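Some structures are shown below for you to check.
In the two complexes below, subunit A is the common chain; its partner is subunit B in one and subunit C in the other.
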Partner chain A sequence: MSADPLQVLASAGKGESTRGLLRVIILLLIAAAAIASRLFSVIRFESIIHEFDPWFNFRATKYLVANGFYNFWDWFDDRTWHPLGRVTGGTLYPGLMVTSGIIYHALRALTIPVDIRNICVLLAPACSGLTAVATYLLTNEMTPSPSAGLLAALFMGIAPGYISRSVAGSYDNEAIAIFLLVFTFYLWIKALKQGSMLWGALCALFYGYMVASWGGYAFITCLLPLHAFVLICMGRYSTRLYVSYTTWYALGTLASMQIPFVGFLPVKTSEHMPALGIFGFLQLLAFLDYVRAAMPSRQFQTFLWMFAGGTFGLSLLGLVLATSAGVIAPWGGRFYSLWDTSYAKIHIPIIASVSEHQPTAWPAFFFDLNMLIWLFPVGVYLCFQELADEHVFIVVYAVFGSYFAGVMVRLMLTLTPVVCVAAAIAVSTLLDTYLRAKLPKPEEIQAAEASEGKKGAKSGLKSTSKPVVGVYAIWGKSMMVSALAVYLLIFVLHCTWVTSNAYSSPSVVLASRLPDGSQHIIDDYREAYQWLRQNTREDAKIMSWWDYGYQIGGMADRPTLVDNNTWNNTHIATVGKAMSSSEEVSYPIMRQHEVDYVLVVFGGLLGYSGDDINKFLWMVRIAEGIWPEEISERSFFTPRGEYRVDGEATEAMKNSLMYKMSYYNYNNLFPPGKAMDRMRNSLLPEVGPTLSTLDEAFTSENWIIRIYKVKDLDNLGRDHTSAAAFDRGHKKAKKASKKRGPRRLRVD
Partner chain B sequence: MRWPTLFSLALFGTGSLVATAAAKKTPPEERFNVYHAKALASAPVKLSDPSYRELTSSSRDYTVAVLLTAMESRYGCQLCREFQPEWELLARSWTSGDKKGESRLVFGTLDFGDGKDIFMSLGLQTAPVLFLFPPTVGPHATASPEPVRYDFTSGSQAAELVHSWVARHLPDRPHPPIKRPINWMRWISTFVVLSGGLTVSYAAWPYVLPIIQNRTVWAAITLISILLFTSGHMFNQIRNVPYVAGDGRGGISYFASGFQSQYGLETQIVAAMYGVLALSGISLAIKVPRMSDPKMQGVALLAWASVLFVVYSLLLSIFRGKNPGYPFSLPPFM
Partner chain C sequence: MAPKRNAAAARSISPAAPPPTIPAATPSSSFAATTTTTTKPTLSKPSSSGGGAHPSWDKLVSNVLAHYLDTTPQRTKLLDAFMAFLVAVGALQFVYCVVAGNYPFNAFLSGFSATVGQFVLTASLRIQTAEANKGDFPAVSPERAFSDYVVCSLILHFFCVNFIN
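Then we have the complex of A and B:
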């Protein structure tokens, strides 16, 4: 008999091996889609490293590949933080660089000639493919429905919340860290479910890799103990929990202490204390469990109370002593700012100044997650249905993760995996319910009801006390399925649109549209860095605000004073002071630091918002934190409290080095009196600022980057102001002649 | 923080500026002793028009820290009232830590009600203002007799911050530390509340336990906190955003313009919409397939599905308002 094509199609997915094959193919396609959607920037611009931090990672990777692992480990970098230098090998997370180094050498060994830059550019998309697979595995642990895992993988693959940090070229720690995060969670769930030491050890191994890769490992360090703690509170202590947690903690802590940057932090700082505390607590519980098995119950009661009281008192005493003696460090600044949300603003302006440390407004959530944001609670609620140990993990992770994502924009990244898992559970439940072709039959329902009634309302949720009947109406099913299809379609379109419009700009190269709609590339950054590379001495020191430190190091290959590794606040404040003081104050500072060139970013001509005048107040604030007598933020505001750059700007503003460097010669571009700052929309004074201690060395095509050379000491021993005045043809002011006293012998 | 009514009020004040200008001249040591004794009785010294002039008149061998403030509620100076206890704490602990007057510092407060003319003559438009008058004669004399002004730009300041500012301007002198008094009332009330709570919970334990162990309660708590956090509640907490704002035409604008800003009410609307969406999702996934009556099930299915569709469409349109370039929409809110 001839097979009905529909029948063939329906029975195609029946066999177990066919399903397995299909699943593998679908997963591969999802991974390919995840990679492909991250390639916008490569296609539109070129294979280039993005933004700021990736430039350092790239430079470090090049160093690693060129000099070998041990030299990298001991690397002292004298080309940053001049004149201090930086012990780079001991102050970075090496996971990312080592990963690319291994890939590079492996490909070389396979005789595939590949440039290290291309590995670095494409590492993040490649890892996102792995993340999708890891999410699939994690979700499969949560629900019996196999479609949930595939949906989760798909969501994870294209969710903008994750794409934002993993497009091609965004060669940052997060690139591999999110894969490691999800995979560690998967291994943890696996270890917990089976009580297996092997899975626990694997979990510790990947935890160690995670520690080596990203400072965000503290998220795992806090989440796993929290999960264990909640399980204990629910009365779910078991040997499975004991075995998996202790294996993970012991091995994972040892692994994490191998990283020089982490060192002894896991036993010293407070953010690692919960993990240690739960470890101890589990030992106590295991001990009590043992004693209970060996003792009559009444004696055990007495024993329990004395034991609990004694332990609590001792540990409290120990904690107080250790904290007051300074053995246990207080919370790290970044971490502390997560709890006391006003802490950073008052005490550490440098943390508050970073835009990714700002709190998250609701549009950002919707922008990064689209419909997942409202499917997320649905999935979490569905987890309450069964509430096995692994579902508790999702619930704990959901609350914890969404709190942190609300406090800090950057932590949206750690929330995204759980959102994808929960939303996938929700969507797959909906699809499973409404895609079922079988109609419910009344006899079956009665039978099911009868059996369900016997079991009683044991299940916790009130809403799930009745048995599942199924959906009767075909129109209802088709309506729901088509609506879901529309939502999913919008989700895919949204993700593509967001990725293409918001997250695919390298920020080193800017794109704009010409009136005829064609794309115009603004390449000022690279033009300027190339100029520095070609026209300055190999060891010429460049002073700029710290944002550009890594780029100057990576692209121009010149020593810098400060960079994005903001470890030394005083040094940054020194640069801030030089930028915000008058020339007379700044010049000695620059001479003392052997500065040869000063680089500023100016967006006034093009209307580019990320320029230094817009960041200027942070320089002032950070400098004020160290020298409150000399720099005052208030003096940069007009009496009416405005921040202005036009004729009404304050004296401090007009005399500051930053203002002068930004607007020097700028009015020559315009007819007299028409000089216009297009960024701040203000008309500049007719007479531009004069510079006497700096020479304009280079200005890029669109004036985005301006480079000044610091003048040497005057040949005739004059101060620079009078020398410059003389060069401009001014006669000496009368005051000078008045001041002239009796002639003295020169003794120098 | 701004205090616009001050100047207009001051204009109506008596024009007795000239009359009181000639304050009595007494030697500085004596003046310091008099005011230091006053401060020992109650610091900071409450100043009025003439005493302010006397205390700050030139040829001082001591330092004066004066807070010019406006405590009366009709001026609506929130910052003044917030700072006042901190200021009093600073003045009290400094003065009591320096009974002999070795630091030669007098703390004073001048309220707008007591010294309108001073405010006028200084041209002050805002309050509070903290002036530090350096000594003009004696061993600590500084070059400029002009007072140093403390900035209240970043809101109310803790006493410790002001203390360090004052100490910075008084080198080589003792700086008595701030002693915050122990808040006995708070300790006692905490203790009472805590023990009361323990007793109640012990007594009510059999009734509370089922609630604590109830899964639905926990699910509700979890979902509510997730909705709060994902709708930008923490942003409101940290940035102190206004609840609503006017739209400039006398109406209320519910939604802040711009991607990076929001109002309190706006987040509540968004949270409610997420809540409705999640609720309809939960109903469609759990409740509807459990209904045994086909007709009822059809009605519920249609209702929840259309609620989902309409609210999602509304959400998309609100988001388009925040982000004008956003291209996607669903009917009916196109």
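Then we have the complex of A and C:
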């Protein structure tokens, strides 16, 4: 069945150059598909920056483009972390911004005027096209079959695990870093295979670029030494390994130290010590290798023992001394949480509070990788079959990557490339076996022999000892091939579906469906930020939970107290304390920090799950970490251990600023006694909370964002509670009926 | 010249360095200065460490020396001399850092990594050009190795100069 068109195709692509051309065209098409599948969000919504972190990157890029590189490098940002400020130029990974800046200026030089926003939005899809090409190159180093490379490129191009971080508009470090990751690995394999200094130096350069772009560079810093170490342990030390590794390490470490944010870390922290250790170890091995050639083996034995023992003892002593003297910093908290998943929960709530730092749920693997996840072990097995140096790399990467992907949702991203490569090797081996149109001839015994092992593995039968068992029956071939084709098609469908439904929402703009099926856009975030931009002083300080810091800085252009760069736990805890305490405690805190407006996100009216009441417990926990005697998480739970917001909520909950701000005036929307929180499905008490130190300044259309103005000190020197009580008493007598009228008008 | 002279002192302090082969390279090489400075520690070191510990230690080192002198081509010896010089300079910097403190840490790091980096690059060049390793590097001819070496050294020193402040 499949033989005839195949032969036609084979005869069409006989010549080497034709095949090369075909390969290039296919690769280009794959890159185009990778880009196209990431554009859902642009088509559905608009060309807009997504989520939270990208807003900071976008703001930094605008600063870079407007003020030039040197100003960017020395940028001190006084509009974040009020009143501390942030040395932004020295505490960010500049790779992403510099890349878009270069593209911007290059396009300008070519007289193509493109808005910097569009470059930022489309950078991630463009890089994903490059990632597909890099994956092709990497896979080609693993196997002689050219189809494996193309398949790997295709998988990489559309695998949801990677798309999740690289749709148009998610202008984040990972957008560019995954390309650099894969390409660095490719260069490393190339350097290792050829034992060439030049490839090693290129690897180091791209490693430097990677360091400049993403904190995840530590993954490379640990993986390459591990690969080298495994090779050495397997007795595969070679001069090629020495040349490539030492060149990479010597140049790459220097390159990484050029980034101000990294600075001296490569020689001072434990994360980087394995690389240094292997570097020293390789020097030793090279020396021993040389000496071995120069002396008889018995002498060498004694020499080896004395030399190795002495060096080991000395270096161990040195390491212990250095660590105890504090020269080498111990492992950071984020790394501890990689070994012990509950570490962060106990010690660093701020890390645990980020949803992408949670351990991965197992359906996520199927969701993000679909059929690749079960082809992945087959590919790793096939690597074991050959087990040259580069296959060892895939095996090591697979083990390492799987572990980390299991520990942290976000690191699914680093697993995806190796899954794509391994799965592509598996699929292409299957296809090569079953698509062979001709019957096996004696000359092809060798080729058939090679693919035999894999078949034996699939069926669990040992058939390798037979002379040749080709697949003769045409129906067997066609069944196998068509089954694979169906799987591949389903994979494409799944990827498109996941991309379109799960990963293409900007989360700044929400979409919902009206009963008639038409799309309804909920644009509360931008409405509120626009209000801030238009109606507040330019230096009005906004207090909100840290999630919204970058967005306020980017969209509203107002100074914030805390933002998503969570470098100062105490400052965040201060905000958490202000949010979770009663007004009498919060007001002095807000005055001290010169807060003008407080912003909360409330999803009760719409049933929006990502609101502040749902995140509230994290604020409490983080505040409790600093002030355990003032804030206690327990007091926010009812005696029966429930987290409630309705009439049975605890006193601490009802008095907290967050609760009051969320539900202030909310019951006026409903008939008396019917106020309903649609998110938490609970009936609210009939009398809503009262606020005496804050004034409601703005509430967005769907009540998602509520902004409050912090009252100034009272003119008559009263405290705010009594002033408010006085006002209320005054008003109640006069215009109790009037008060509700305008509110309702405004809301409906 | 000063660093080299001091290097001799530095060398005899650090026992873990691989002196037996490398310094021996120098007797016939053209760098007179390096020759004199680097051979001295070799002579003193094996005798001091080998005398007490092991009877065959002396013979062992002399074996290696003889083998080295017999089989190494002149050009490679030149490379070895350069490597010995780099080890000396690196050790000197390290000793300075330990003794006098690491205050301009940037400067120390870039100076030290320049020597270390240059050392491994030279070692790589030496490995790639050695006759015995031909089979390991089918893709790398000696000329290619040298041009790679030049390019890598340029990159290395660019980074060092940029980092030195």
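Assume the second predicted complex is superposed on the first by the 690 of 748 C-alpha atoms of A that agree within 3 Å, B and C clash if a C-alpha of one lies under 4 Å from a C-alpha of the other, contacts with A are read in each partner's own complex, and residues count from 1 in each chain.
By definition in this document, a contact is a pair of C-beta atoms (placed from the backbone, for glycine too) under 8 Å apart; a residue touches a chain by one contact, two chains touch by 3 or more.
All of these numbers come straight from a predicted model, not from anything done at the bench.
Within the superposed three-chain model, A:194 lies in touch with subunit C and out of touch with subunit B [touch as defined at top]. After overlaying the two complexes on the shared chain, residue contacts for A:497 are found with subunit B alone; subunit C is out of touch.
When the two structures are aligned on the shared chain, A:291 is found in touch with subunit C, with no touch to subunit B. Counted by residues of subunit A touched, the larger count belongs to B, out of subunit B and subunit C. Of the two partner chains, subunit B is the only one touched by A:406; subunit C is not. When both complexes are overlaid on chain A, the residue A:267 reaches subunit C alone and has no touch with subunit B. Those residues of subunit B whose C-beta lies close enough to touch subunit A in the complex are 151, 153-154, 165, 168, 214-216, 218-219, 222-223, 225-227, 229-235, 237-239, 259-262, 266-267, 270, 273-275, 277-278, 281-282, 284-292, 294, 297-298, 301-302, 305, 308-309, 312, 315, 319, 322-323, 325, 327-328, 330.
Those residues of subunit A lying in contact with subunit B across their complex are 341-342, 346, 359-367, 371, 373-378, 380-382, 384-385, 387, 395, 398-399, 402-403, 405-407, 426, 429-430, 433, 445, 449, 460-464, 466-473, 476, 479-480, 483, 486-487, 490, 493-494, 497, 501, 628-629, 632-634.
Only residues 15-16, 18, 20-21, 53-54, 56, 59-60, 63-64, 67-68, 105, 109-110, 113, 116-117, 120-121, 123-125, 127-128, 132-133, 136-137, 139-140, 144-145, 148-149, 151-152, 155-156, 159-160, 162-163 of subunit C touch subunit A when the two sit together in their complex. Residues of subunit A touching subunit C in their complex: 194-198, 200-201, 204-205, 238-240, 242-243, 246-247, 249-251, 253-255, 257-258, 264, 267, 283, 286-287, 290-291, 293-296, 299, 302-303, 306, 310-311, 314-315.
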